[in-house]
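The two complexes that follow have subunit A in common; it is paired with subunit B in the first and with subunit C in the second.
Then we have the complex of A and B:
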């Protein structure tokens, strides 16, 4: 499974979304389960999936799926298709 | 926002401000919550904290209290009970901020300011609930502001020990949070691999637990046995902190101090009521615990009568904390086995 696919699966699991609700352009404001608990759940999921721990500041600054990708790419995790 | 939270939790108390804020909160809930107003239709004010209306905790299983005029978020659920019914507490933005500030201030007083990794004895899947949050998760998250990273130990029923090793390897100290039962079963008796045990022997660990002792009492596991098992094979300075709380008093937690007392922060109070007359009990007399705080804006859970028995302790505490303190004697006999009260 590619990292993009892993991330998509993670986002669906963490925020309890249907596949039809997902896109790589998804914004936090569009997801009602992306609240403070969702922030923690995403951070834990990213650690379990990609092995990187967001700092608390990083976790709360993320506002979109694209932000997750951008941040993880700075840690050497590639999302090339 | 209550100014009472601007000072340390166990410093000098301003009982007049506490009463004023509690009365204001009562009026707000009476105006905004029809179910509450139906129970207390004649409230016109209180000259003492003992005179404030209260709700029995059992009502939160039957009525989804909700005060209008605030932005509600998730519903906080107590853990499963013998009746299968959970207490439901409507959380809101303002209260969530106050409650986080409260629990953080209380925890810091017991574990210090230092941030460190947090290991939670739970499955991360428990974070994934639409519109709800469990008492277990809420309790774990109260440690989050003190955590540099958060690792959930379990995946389903399986402990992921390698994740713990990764999270704490480079750190001298870390937190472990779990329900009391889970800490015993999953950590103390969880079969930690020898290589991780070797690593943990050099780590200062603060074990924090809540949720009650019923299951451990049934297995004849004492506090001494739990503490001993947890602290065995850890570095000096490791400790175990047991806190008591209720979902119906979210944000106000009562860690057991070094002298065996549970202290009440300055933004809350405890009243002991005679279970037969419901009048405030004499100092030292055992009775039902009633808690009042000024953090609950989303629903009238600012003043609740519990099914737990306790008594106030006289005089100053050897631990140095001031303010009222109590000892917990357990649940009222024949009361429903409620879900663990922990936040």
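Then we have the complex of A and C:
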């Protein structure tokens, strides 16, 4: 499974989204379940899936799926299609 | 043990012995009080010896005692008055409109107060035949009893109905049954069509109570229930109220006169309000259950009711469902949802959709798992220890 597929599955599981609701352009504001506990759950999920632990500042600064990709890419995790 | 056995003046009969014709009647007819003891429940004669030693000597006549699981997990002995229980049997008869019922088929252990009072004592008081079956231990024989014979009454718990309906031959109906009582857990509100299909001639009745009530507090036909959790009104002679912590409490003219727990006897007086361990809301004189005290816990400051969640799950999942407590990776209390039989992907998605729509994240289970069969104990309730040890497959989990 590619990193993009892994991230998509993680986002679906963490926020209980249907596939049809997902896109790599998805914004936090579009997801009702992306609440404060969701931020924690996403951070834990990213650690379990990609091995990188967001700092609290990083976790709270994320406002979209694209932000997750951008941040992880700065840590050397590639999301090339 | 047998009819000639005594512990501190009490006649002792085990459920194995009670299955022989006439044994219980003879024991009930004696002046000495009766202890109806389960043959197998990890409680030995020495435990009963200590428990009955704690019961006041003036209760050694005209009373009876049943064993139940205590709130601490330790067994406890419930002491009742035969006269009071016989009066409750008459109240049950009227509330269930049992006049046309000619016999009752017992599917649960007789040591369970539900079966003992609703069926055996009722049958004795109203001169109806009591047929003992092996229940879930021999489903074909049990089904045979329920398919044939005179107008009958049965007392079920939800998981037992599931087993019964799974074992029912295609197209078969349990025509002889005219009263189906549910108690001992959540009323199967979401499966009423299946119950009606299996018992086409029966009035379906929600019975609510607890061991200390010996055992009834409310009796309501399913057609009068407004929705899940509705238990209707208190029976005549019983008063219900919800206390400041939301627990449903009762006073009953028919309930326990005393309880022995951890070797200590506690008398129950007419002014005492006994707790049911259920959380409820009052709406006028009707009461609605919102969960068991043990099913409600706090997670991230939110009050979580697993009973409410299971109710919601049952709207989209026709199989069985149960929860097990578990702490998450942060050490916060949480729970795991377990479905049976193993669900298809779309079933899991439907369940998750319910969580997303109805509950904040703190209420979501840590995982959704499945197992081939939800284990039940002899009284038909979910066996949590066996469920925790069962092989389970993970379908979804939230990172925590």
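Methods note: the second predicted complex is superposed on the first by the 81 of 81 C-alpha atoms of A that agree within 3 Å, B and C clash if a C-alpha of one lies under 4 Å from a C-alpha of the other, contacts with A are read in each partner's own complex, and residues count from 1 in each chain.
Convention: a contact is a pair of C-beta atoms (placed from the backbone, for glycine too) under 8 Å apart; a residue touches a chain by one contact, two chains touch by 3 or more.
Keep in mind it's a predicted model, so treat the numbers as computed, not measured.
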Fit or clash between subunit C and subunit B when superposed on subunit A: clash
First (subunit B), second (subunit C), both or neither touched by A:27: neither
Which of subunit B and subunit C A:55 touches, first, second, both or neither: first
Touched partner set for A:13, first subunit B, second subunit C, both or neither: both
Touching partner for A:44 - first (subunit B), second (subunit C), both, neither: both
Which superposed partner A:2 touches (first subunit B, second subunit C, both, neither): neither
From 1-9, 73-81, 361-369 or 379-387, the subunit C stretch with C-alpha clashes against subunit B: 361-369
On subunit A, positions contacted by subunit B and by subunit C: 13-14, 16, 33, 35, 37, 40-41, 44-45, 47-48
Partner subunit A, residues of subunit C touching it in the complex: 300, 329, 349, 352-353, 355-356, 360-362, 364, 396-400
Subunit B partner contacts - residues on subunit A that touch it in the complex: 13-16, 33, 35-37, 40-41, 43-45, 47-48, 51, 53, 55-56
Residue ranges of subunit B in contact with subunit A within the complex: 73-74, 96, 124, 127-128, 130, 133, 137, 141, 144-145, 147-152, 163, 166-167
Complex contacts: residues of subunit A adjacent to subunit C: 10, 13-14, 16, 18, 32-33, 35, 37-38, 40-42, 44-45, 47-48
